[in-house]
Amino acid sequence: MDKQAMRAAILEAKAQKGITWEQLGQTIDMSPVWTASACLGENSMPAELAREICHTLELSSEVATALQECPLKGSNSEETVPRDPLIYRLYEVMTVYGESIKQVIHEKFGDGIMSAIDFTLDVDVEKDPKGDRVVLTWNGKFLPYKRW
Amino acid sequence: MDKQAMRAAILEAKAQKGITWEQLGQTIDMSPVWTASACLGENSMPAELAREICHTLELSSEVATALQECPLKGSNSEETVPRDPLIYRLYEVMTVYGESIKQVIHEKFGDGIMSAIDFTLDVDVEKDPKGDRVVLTWNGKFLPYKRW
Amino acid sequence: MDKQAMRAAILEAKAQKGITWEQLGQTIDMSPVWTASACLGENSMPAELAREICHTLELSSEVATALQECPLKGSNSEETVPRDPLIYRLYEVMTVYGESIKQVIHEKFGDGIMSAIDFTLDVDVEKDPKGDRVVLTWNGKFLPYKRW
Amino acid sequence: MDKQAMRAAILEAKAQKGITWEQLGQTIDMSPVWTASACLGENSMPAELAREICHTLELSSEVATALQECPLKGSNSEETVPRDPLIYRLYEVMTVYGESIKQVIHEKFGDGIMSAIDFTLDVDVEKDPKGDRVVLTWNGKFLPYKRW
Amino acid sequence: MDKQAMRAAILEAKAQKGITWEQLGQTIDMSPVWTASACLGENSMPAELAREICHTLELSSEVATALQECPLKGSNSEETVPRDPLIYRLYEVMTVYGESIKQVIHEKFGDGIMSAIDFTLDVDVEKDPKGDRVVLTWNGKFLPYKRW
Amino acid sequence: MDKQAMRAAILEAKAQKGITWEQLGQTIDMSPVWTASACLGENSMPAELAREICHTLELSSEVATALQECPLKGSNSEETVPRDPLIYRLYEVMTVYGESIKQVIHEKFGDGIMSAIDFTLDVDVEKDPKGDRVVLTWNGKFLPYKRW
Amino acid sequence: MDKQAMRAAILEAKAQKGITWEQLGQTIDMSPVWTASACLGENSMPAELAREICHTLELSSEVATALQECPLKGSNSEETVPRDPLIYRLYEVMTVYGESIKQVIHEKFGDGIMSAIDFTLDVDVEKDPKGDRVVLTWNGKFLPYKRW
Amino acid sequence: MDKQAMRAAILEAKAQKGITWEQLGQTIDMSPVWTASACLGENSMPAELAREICHTLELSSEVATALQECPLKGSNSEETVPRDPLIYRLYEVMTVYGESIKQVIHEKFGDGIMSAIDFTLDVDVEKDPKGDRVVLTWNGKFLPYKRW
Amino acid sequence: MDKQAMRAAILEAKAQKGITWEQLGQTIDMSPVWTASACLGENSMPAELAREICHTLELSSEVATALQECPLKGSNSEETVPRDPLIYRLYEVMTVYGESIKQVIHEKFGDGIMSAIDFTLDVDVEKDPKGDRVVLTWNGKFLPYKRW
Amino acid sequence: MDKQAMRAAILEAKAQKGITWEQLGQTIDMSPVWTASACLGENSMPAELAREICHTLELSSEVATALQECPLKGSNSEETVPRDPLIYRLYEVMTVYGESIKQVIHEKFGDGIMSAIDFTLDVDVEKDPKGDRVVLTWNGKFLPYKRW
């Protein structure tokens, strides 16, 4: 079973049972974003967690095996510039604020980057009478450039 | 004076005086990321703040005028996929986690998007003995899709 | 049932019954453009409206479920520049008049954008002896840029 | 004098005199969007209007000559997908609603297109206590496909 | 039946019967280029002509229905620059002579374009002892730019 | 003197003298399209004709030399898909009718192409009470595919 | 039977019988490159040769019919820059030596091109103790640019 | 002096003296294609030959130094698909015949490629009463794939 | 059996048997990277090795035949810029250090390239208390540019 | 002084003094690849090393200041696919062997990537009677994917 079939099986079972990513994440004590990313085929899952997911969703062990494989990431879409408006806004922020973020990170940390591997990302709701707000917290290890 | 000349003048003065974005932002009571974005030509600045920046950096009023103009955003680079490793990591996160973020936002807020206009972004240092971490906090108003 | 299958089912039923988007929209008291966009898979529909659509078109509840899902928008085509002449003209207007529209909006509203989310679009016929005219009315909330 | 130099001269004079597109358009009894498009180099202007613009802005007759030339349209930017957020929203609407607009136009007019040549576009402010709204009115002649 | 299936059915029947586009066009009193464009899925056909085509080719009424639909034009290929040598030569002429054609049309007609909608195109053979020549006659209504 | 400088010199002199491509072509007994293409830098001109052009426009012999050089064609624009509406229509016709033209040419001539080298193109006005029409006549030698 | 099915049938039969392109070409007295190009779907084959190929490979007359059709060339790959290392080297030579070849051809022949239609290409082995060499001989008619 | 300046100096001197690539190549006992490629900035030249070229063209020793540098090849153009018709034909042959060439080379040599480094290319004239022909001879060492 | 089917069969059998590329390579006395590249369809395998692979994985002789064919390399992905983070890092190194590598190779070897055909690549683990390191050793024959 | 001017100054001084990257690296006790990357504008250099470089090359302190700035990496070229043959081979290896390298790294290290930041790269000569070989040693820290 490849990642595409795994993904379809999980999305169908999740919809039929009416389980959210939040709830699914709680069954394995992980965040909803990471749980979703593994179920959508963008991350690999340890065996124990994969079995638990399949137990919750009543899916076969083939799905659990597929969840453990290291994925070829980024292959769900071939768009260089995303077209979905929600995902495009992430791209737009990179375009408008990318250089400013770069300069402030260099100012605070020196030459290097924020890791996207040793990295977590959480989505929170901030209540606001003028309209609730989405808060994304990106947390990545600073990696200084090695010189040799 | 166009935005390119304005940007060059500010960067040169800032380097000569050894002022950081953090410090420059404090003189106008704004965050370093937003201050940098306006000085780099990606945002417009109210007249009073623009004058204060020029006062601090000892720049002419032409620079202050240019700071107030509405920019053609995103024009500092023509790359569709960014090549700078730090900025690329922002793109990579969108590629790997974009769909997961989308699903979790829809789960928590319903159909709509996170605004990139009614939006703030802060860069913080999280001390960690295994290596300090970069924390980016993205905060955007949730905009539900209008139906008509 | 995914959005592609939903879309095909709706288009086939609509053709067989000879119902227009105008008529279909009237059954749910919505505009034809929005109704079409949801049926083509570019918007999500509230449960009650989705059921009504399926009732009118004599389609299964699976279609109604699919209509309610938040879509990955813009995925019906992979063209960056559209090739269909009617759709291309929308692109051409953006190319020829985009900067002018931007300047006039900034002149009238200040720095910010016209929302494409809190947004409606209507198509009307303007009778004209020299040839009827298409009138598109775009109506989007002005969103001023937040500074922080 | 080419269109780039003409455009720069007009924008500089307009800024120095503090004249808006609305006002500039009124001096020649034309709309602000069309006036801007001609001054930005995306349309040609009749001789009389061009002279009036140069009179108002105190510019040389070379500018008036340049205003009358047929431009190579769309050459101010080389971006296939626009990056400026305001202009991008026009692109996004085309992506999300383009096919729906096409279907409704065909439903109301038959096979053909909305002209982008025999075409006008106006920007209006719609006052709204929840936030003012931008209204764009696109008005183009319907052109039926010729068969031969 | 979608345009792809329609197209395949027509091409197969046409090949089996050994009918040319010229002959097929004569049965409906239309030109071979336009007849081919409708049968290949790039134009819509009036009901009467569609029925005649299906009668000639002994095809089902589903094909006739599909022939009448307004197509999403330009979707048979996703190539931005065509690779087929014959079609590429059309692109090459646009590249090499496009600006010259533009200047001569402006010289003869003023500012505006040649319509590709109110448009006909014919292919003729010009006998020549040094090698026969292909003559393409493009005939499009001149559309002057509207000013407003 | 390179082709860019040559082109600029010719366009300036032509504008100052108020000469059309039609008239300029008549001085060398050539068509306006070809004359324009050589003056714009897309074709090479025989020495005698080049001298005549320079004589008419009162330009130096350096221009005449530049006119004789074999150009790197297609280098005036880097757009893959043209953005100017007039030139885009040529692209649109290729997109919509390209395959039909190909099929009809093969039907009339066999396997091969229409040359874009042994080729002429003329622009004519067709008077029409409903609006004058642009007629482009493309005339290229048919080249059959060699087999070996 | 379309070109894709034809191609697959020929490649399978050729592999099962262990016949080379050289041998297949000899049965119809044609070169191996041209024979391969027709069998791979990039050229059309006269009826007699097509029948002979099908006789040799024991394939049905449908294959012979498909071999005679004029193909949409270049459609086997959608890569603009080829990725296969052997084919990429042809691209690399064009990139590195293209302008030099152009200058030398103009020097020897005047303004014009080497035809890729009235064209042959052969692959030969040149024995060499330091490593055998591949020799490609490209032979195309020179086509001078027509002036009109 | 960089390669661009070197190239311009050589082309100007070559034009003024009326020397061909053939003649220039003879002064250093090299082929015209290779001589042109080095002078155009696509190859490096040994010191002795570079001095000879500068002697012939009466150019400074700076040009000779620039000729000896290893170039960043392929940087004279940024086009992925070439637009000049003569150079495009090289691309077209790769598109139409690339896969056939690959199959025949594998058939004659096994798995590997034709080198574009240990490589020569010559341009010859083949006299023909029906029109002279261009003959390009590509000669590259066969490099078998290493296995390890 | 084509390369896609071959690849799928090998990957499935390898997963079921729990064999690593390291182990599979040892059965044929080859490196894991090369073994993987041939099994994934990017290299051809000699008959004897192919049979041994099929023996180990208990696969049919059709797989062994497919393993021996010369592949169309690089066809497993159509991405110009890779999106998978691990593979992207290879691209990033090329982007950041490519020109430096080029200059140092020219300094040590003269004008020429490192072959990617007469080439080996090994992956090793370097133990490190601060985190193990990946060591890639690229070993390619230097090929000097031929001059002629 | 920006990175472009810095780079030009260093390359000119280095050429005039006839110093190699190897020698320049030795003056600061760093490798030639890293030294080149900083001098070409792709890495930042500590103040002390920058001063030493400027001392050796007799360059002004402005160059030393520019060497210390964090660069916008990857901006020396805008090519997505590199055209220089030596640099292209790095791209080709990624295309042909990228997936194999990925699988073997995952096999040896688990899910994660090889860092391109905590990374070194050396170029060595391997003497070989059949032709010397280039050896590139890539050494990057393995970064396991964080789960949260």
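Observations on the model:
We call the chains A, B, C, D, E, F, G, H, I and J, going by the order they appear; numbering starts again at 1 in every chain.
We take it that a residue touches a chain if its C-beta (ideal position, glycine included) is under 8 Å from a C-beta of that chain, and two chains touch if they have at least 3 such contacts.
These figures come from a predicted structure and were not determined experimentally.
Contacts with chain A and chain J are shared by B, I. Put simply, chain B has to spin 180° for its C-alpha atoms to lie on chain G, with the angle rounded to a multiple of 5. The interface formed by A-J recurs in F-G: of the pairs listed in F-G, E-H or I-J, only this one shares over half of its residue-numbered contact pairs with it. The most distant chain from chain E, with centres taken as the mean of CA atoms, is J. Of all residue numbers used where chain I meets chain J, over half belong to both copies. The two sides are thus made of the same residues. Note on chain placement: the centre of chain D and the centre of chain E lie 31 Å apart, centres being C-alpha means. For the pair chain A and chain C, the distance between C-alpha centroids works out to 29 Å. Chain B and chain E have CA centres that are 50 Å apart. Counting only residues that touch two or more partner chains, chain D has 34, 43, 72-74, 78, 80-81, 83-85, 92, 95-96, 99, 102, 106, 112-113, 115-117, 119, 143. All chain pairs that count as touching, in label order, are A-B, A-C, A-D, A-I, A-J, B-C, B-D, B-I, B-J, C-D, C-E, C-F, D-E, D-F, E-F, E-G, E-H, F-G, F-H, G-H, G-I, G-J, H-I, H-J, I-J. By the touch criterion stated above, chain A contacts chain D in their complex at residues 81, 83, 85, 88, 92, 95-96.
Taken together, the chain F residues at the contact with chain D in this complex read 15, 78-79, 81, 83-85. Remark: chain B residues 65, 72-75, 78, 80, 116-117 touch chain D in the complex.
Residues 30-31, 34, 43-44, 46, 70, 72, 99, 102, 106, 111-113, 115, 117-120, 122, 143-148 of chain F touch chain G in their complex. Against chain I, in their complex, chain J makes its touches with residues 20-22, 32-34, 36-37, 40, 42-43, 73-74, 76-77, 80-82, 84-87, 89-109, 112-116, 119, 121, 123, 125-126, 128, 130-143.
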